[in-house]
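Each chain carries a letter (A, B, C, D and E) given by its place in the written order, and its residues are counted from 1.
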Amino acid sequence: MGSLQLKSIRKAFGTHEVLKGIDLDVTDGEFVIFVGPSGCGKSTLLRVIAGLEDATQGSIRIDGQEVATVPPAKRGIAMVFQSYALYPHLTVKDNMGLGLKQAGAPAQEIETRVSKASKMLSLDPYLARRPAELSGGQRQRVAIGRAIVREPKLFLFDEPLSNLDAALRVQTRLEIARLHRELKATMIYVTHDQVEAMTLADKIVVLSAGAIEQVGSPMELYNHPANVFVAGFIGSPQMNFIDAGKLGESGAKTVGIRPEHIALSRESGDWKGKVVHVEHLGADTIVYMETEATGLLTVRLFGEHQYATDDVVFATPDRNSMHRFDANDRAIR
Amino acid sequence: MAKATQSPIRSGFVHLALIAYTLIALFPVFLTIINSFKAKNAIFREPMAVPTPSTFSLVGYETVLKQGDFLLYFQNSFVVTVVSIFFVLLFGAMAAFALSEYRFRGNTAMGLYLAIGIMIPIRLGTVAILQGMVAANLVNTLTALILVYTAQGLPLAIFILSEFMRTVSDDLKNAGRIDGLSEYAIFFRLVLPLVRPAMATVAVFTMIPIWNDLWFPLILAPGESTKTVTLGSQMFIGQFVTNWNAVLAALSLAIFPVLVLYVIFSRQLIRGITAGAVK
Amino acid sequence: MSATDHSDPDLPTIKRPFRWHIVVFLAPAVIVYSAIMILPLIETLRLSLFNTVEGQSVFVGLGNFSTLFGDDRWAASFWNALKNNLIFFAIHMVVQNPIGVALAAMLSIPKLRFVSFYRTAIFLPTLLSFVIVGFIWKLILSPLWGVAPWMMDLVGLKALFSPWLGKPGSALIAVSLISVWQYVGIPMMLIYAALLNIPDEVIEAAECDGITGWSQFWKIKLPLILPAIGIISILTFVGNFNAFDLIYTVQGALAGPDGSTDILGTLLYRTFFGFQLQLGDRSMGATIATVMFLIILAGVSFYLFIIQRRMRRYQF
Amino acid sequence: EDVTLTIESWRNDDLSIWQEKLIPAFEAKNPGIKVVFSPTAPTEYNAALNAKLDAGSAGDLITCRPFDASLELYNKKHLADLTSLAGMENFSPVAKSAWTTDDGSATFCVPMASVIHGFIYNKDAFDKLGIAVPTTEDEFFAALDKIKADGTYVPMAMGTKDLWEAATMGYQNIGPTYWKGEEGRAALIKGEQKLTDAGWVEPYRVLAKWKDYLGDGFEAQTYPDSQNLFTLGRAAIYPAGSWEIGLFNSQADFKMGAFPPPVKAAGDTCYISDHNDIGVGLNAKSAHAEEAKKLLSWIASPEFADIYANSLPGFFSLNSTAVKMADPLAQEFVSWREKCKPTIRSTYQILSRGTPNLENETWVESANVINGTDTPEVAGEKLQKGLDSWYKPAK
Amino acid sequence: MGSLQLKSIRKAFGTHEVLKGIDLDVTDGEFVIFVGPSGCGKSTLLRVIAGLEDATQGSIRIDGQEVATVPPAKRGIAMVFQSYALYPHLTVKDNMGLGLKQAGAPAQEIETRVSKASKMLSLDPYLARRPAELSGGQRQRVAIGRAIVREPKLFLFDEPLSNLDAALRVQTRLEIARLHRELKATMIYVTHDQVEAMTLADKIVVLSAGAIEQVGSPMELYNHPANVFVAGFIGSPQMNFIDAGKLGESGAKTVGIRPEHIALSRESGDWKGKVVHVEHLGADTIVYMETEATGLLTVRLFGEHQYATDDVVFATPDRNSMHRFDANDRAIR
């Protein structure tokens, strides 16, 4: 239980086509993350899967069964909304239990499941409170809890952590990972946070303007981006893109090298250049330099380094980690 | 493709129910209008039938338009209604802003004081009001009506508007303050435009009793030159109470202006324009 | 540093200058309202403490009130009017507001077509003047003109028709329902606005949770619009206890038959302004007005201090 | 500079007659005076007028309701004393009685018109059914039975919805026959008779019998409904006031006749209600009292009486100079003055000064009796009890 | 122009004291960043400086002049609100120009300044739009633009980038840095983002529960946190805290070591332990391990590393980068 097949899903609002034929297979128990720039259609796709929005075209199968005409309630899904969407008038407990109650589950059963979920999410002390009396992180957990108790085949998360601050974010992320391990349910997750995507996903789906750019495991995308878009989108700071011509490479139009795959030295190296700006992050140092061969180059160094603006430095890329792209921006393998 | 979000059966039922109620709501109005175009015997014999060539008659409208200066009455009603609404909205919004924006001593008391007016019908003050108007030499002027309606509309306007004004983002007003806007500029340039839907609601709620009022026009401005359309048509009904053609025609005529005013305001009704102000 | 060691003596607490703009914002409304509404009303209510004795107005303290409640005749009309008024109010609460809520609930269904047409159509009666409403409904319900009997005949219920407005048992209900017909637009409009205020996500979350249709309305939407329903109830209460015009136009100032539609508003009007041969009695009128004011004030205070305090408002 | 005089009135039906006939006639003779006739709907007239008088914004001339309502205005000094007005001599004391102080010392309104009650009938219907004009109670009910049995016509057009119709067209119409007109009325005022006495309850008993002859749903039938029912030819008999004549003439396309309230037994004295209904007074605060008096004197003149009574058939002039009326129906009504004893409505003088108001109570009870809500006896008791609560007749 | 002195600023809401005596000197042209946990009073302090909230006590001097009773409009400041607070009914152009217009600046002048700011922020194509028609990042820039055109002495930013996605965030951050360089105005900036704080600030102010914990340059705070609170707050993942007793260190109660200052090896090292969880971020690898000596230990490695759960590994801290804290949680220098 919990597999999902999307076949040429299209969705238009009026004449504006938001999803342009999405094909995707998600196997049971997988953790799939959608990433992509703002407005590319991630939420819309999630909502189509949930049945909150009708696709203009295409087929959606959950566990092999066509669900296009099945209302959201009957699809065996649970959705966690970006804005939590808790029922403001119900206590935490009732928020979590309402769905079960509606389905006519016996009170005993509801009690057990809610208390199990609340234990898992450390919500026990708050069961009697209403959403307004909870902090952001707690609300987030209630929203997740509400999804869990229904033990759905399929979880849908829409940027569930976007409103949390750094510390809470890390903590909740770990909880979701644990959840996935324990429940073994299929999860589909939208985020724009690189770290979340890299750490949580079995499979990342990169979307752009309503179409899928690449599907793969996090490290696959990091190491073997299919095209310039994916290469640029995955990784922060962004990959450096250099005109292949300038480097004398033939058979490629663009060469990409990630900031962390460039070594810096004051003495010698492949590309000579001048430091433009340095950012000290403590754990890392980001050096922005201008070289004749490459133009502006971002270099990420581990730990602290005392480079200063206008220093003359030499950069040496790790040739094995270079990416080559053709005239159509596709990766050359 | 079939819809998952909307079952056609359910929305069919909803339309059915809404159409049913719409019929209930419109039926009497419809009845008035179709019969106003019929000859007297037809009104009586077949009240439900639409006018046919044999029953069609404009005699009602002819009677109405011959009698009294209805165009002038309409104009008076328009002036009174529009000017009163303007002042109610302006003064009401200003007071609501003061009450909702600032914390000062007596704020709650002032709010309660201004709400008393919702509870007592202003009609009770008629004699004192009339005496005041006589003293101010305002009898038989539209000004008298405008003053009364403004006072009458203020309590509810303040009540509703201050609820809405509380929802205007503080950050927005503070941004204005930092931008160097005075409190007046904040009110006029930021808050007023943002509560336009609420203003429209208040305008509609204020408009109805003003347009339809019979009492104060009768007392304060019964003169021919200041007569309002409601007073005009009421007299008409008194005068032609058995002349249903004329009465129905007068009633039909009186429905339209208020409907037009409503349509003007209702564009603003319900939906806000605060989208994009804050994230 | 702890939270207890307050105040540095050399740094005085900060005082701000007088905020004249508050006065400017309040002044126009307060002046117009006080001069044209409150002063005349006070002047009127003051009359309740006076009465005319041998042509002279003299202070009688609570004498008028003891007449109102002590004199059989006065008390009977007063209690009759109050009773009718309560029924009038109750009918509005159980008919008008639920219908208004139901209509609003239907109108707020996402993606429904023709919504603004329905909304305008249903609001139209609210825009009509009493003159029109009274006249039309008298005609429709008139046994003579035959519209109502004819329509009931269509559905085979002609036998059930009776001259409702003319029977003491049914007149009040009939007039109340006409008033409901006229005013249903107001609760509908306010509830509709409140329903639109509920974030789509909450509704969608309910859809995903399997809470749909009626149970969605009962369990999710209704609790969230309770504050709006509260406001409507209080506006209905105030409106109903001040009501006058409709009964006056439909049933006349005597609110017949046999006083069965007499509510406080009509009683007040007759007493205060007089009617036909009955001369206006300003003092007793003011007395009734004062009692009405106190009743409404009690209701409003009950709402503000008991109901509204317990009611939760939710921020979305 | 022209002076403009404003006349306050509840007679908005008369607007066009004033505008088209009366005012031009007056203005032609009195250059420099303009007259505006400014009527208010009858239901609001008292309230609006009182408010305006109190505030001092009322018109120069005030149309006077008969008896106490106007007396009160005079007592409050809102109306000027017109005892010595030129033209007042054109009216008999009876005509002036409705607008004269209790002691008879001052008259404050110029009597304008009276109205007479009776029954108007559809002549065509009577002819068709072969019914003769009834003169006694029995004949009257026999006629009604016959009409009812035939089924073509509603026997009698009257509704109780508006209350006053039941009281005025019913009780006050047939009542004088039973309480013997002025005699009973005076006795009631003196406290020698009570409303529970036979003479006062009997008319209610008769009214109660009317119920069976009224149209379907008469409980919700309004006054205009009744008028329409009759003028459209659907009813045979209409309990009327003479003021209907003008309207009926213009609306009915059948022949009409009239008969006075039937007597109990053939040969009994007949009584009619010939009620002083309209007068005109002078606002004591009028800024143009002189001009207003000119107008009042003209209203008191035979010329006015002639124009008025002929323009408004059914409003009978109170002027001593006889007015020749062209309308046959009006003539019929006024002819009863010769054979029957006239009286005014029983509740109008003195008895409606207090609370509860006898007139208003009579409306309610008359409707109740016809509707069957109250028995005639209960109605009488209720009315007397209300009257007793404030009225202490000087014995 | 643009200096700021705060002297024992206190602020209470009712009896709840939110600011408990803040003393701070900001010199002209400095870029100061406030950080601290949610609810510690950052926004309140900013609002007190702006004059939107009256301090209960204390003195605020801008350019040496006491401003406690000066209304916000006259303080020569500009503020960018966390929520943007754009005027929804005005176009981008009018949003930026309103303040000047109100001040009675000539139309010509307004035009020039707005167009300069819009050029700087690349807003030219959107000048005629209303806020609702802009994307999140664009709105943010309008809010900044509105502040710039007024050329204030002092900028106040309240978490201006918190809701932007990663890419936009980097871009906007760079814009703000450039702005600071070009305008040479004093800037006070609230954020909970580590990278922003480290890269933008001349001086970071760490707040906790209404009081200042430490003031210093980013690297100062990173390298020499004054106490456990600051040490834990600055740096992500968080510093590891180890009971000094367990390590046999005397003279300290707690020892702190940052994840990036621990080396990992499969062969040998100071602390032996087992891998609990590994996060592959592409550029970095985070290893969570359990050792007997230290308990749970977070280690951050540069680049990709193939550790797996349950691997036995040895961790070696960089002794020079260790932090020692006394019983009062104060750093021992």
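We adopt the following convention: contacts are C-beta pairs under 8 Å (C-beta built on N, C-alpha and C of every residue); 3 or more make two chains touch, one makes a residue touch a chain.
As the structure is a computational prediction, the values presented were derived from the model and not from experiment.
Note on connectivity: the fewest steps through touching chains from chain D to chain E is 2.
Looking at the partners of chain B and chain D together, the chains they share are C. Looking at which two chains touch through the most C-beta pairs, you get B-C. When chain centres are set by their Cα atoms, the one at the greatest distance from chain E is D. Our note on geometry: chain A versus chain B, Cα centroid distance of 53 Å, whole angstroms.
With centres set at the average Cα position, the gap from chain A to chain E is 24 Å. If each chain is reduced to the centroid of its CA atoms, chain A and chain D end up 90 Å from each other. Under the contact definition stated at the top, the residues of chain B that touch 2 or more other chains are 5, 44, 126-127, 182, 214, 234, 237.
Looking at chain C, residues 145, 207 sit in touch with two or more other chains. Multi-chain contact residues of chain E (touching two or more other chains) are listed as 136, 163. Chain D meets chain C in the complex at residues 43, 46-47, 50-51, 65, 67-69, 72, 75, 159-164, 215-222, 225, 228-229, 347-348, 352-353, 355-360, 363-364, 367-368, 371, 373-374, 386, 389. Remark: chain D residues 12-13, 15-16, 36, 38-42, 44, 48, 51-52, 54-57, 223-224, 227-228, 231-232, 247, 251 touch chain B in the complex.
Contact residues of chain A toward chain E in the complex are 37-39, 135-136, 162-163, 165-167, 170, 192-195, 198-199, 218-219, 222-223, 233-238, 258-260, 279-284, 286, 300, 302-304.
Of all residues in chain E, those touching chain B in their complex are 47, 50-52, 71-74, 77-79, 81-89, 98-99, 102-103, 130-134, 136, 139, 146, 150, 163.
If you check the complex, the residues on chain B that touch chain C are 5-6, 10-11, 14-15, 17-18, 21-22, 24-26, 28-29, 31-32, 44, 47-48, 87, 90-92, 94-95, 97-99, 102, 104, 110, 113-129, 132, 147-148, 150-152, 154-155, 158, 182-184, 187, 201, 205, 208, 211-212, 214, 230, 233-234, 237, 247, 251, 254-255, 258-259, 262-263, 266, 269-271.
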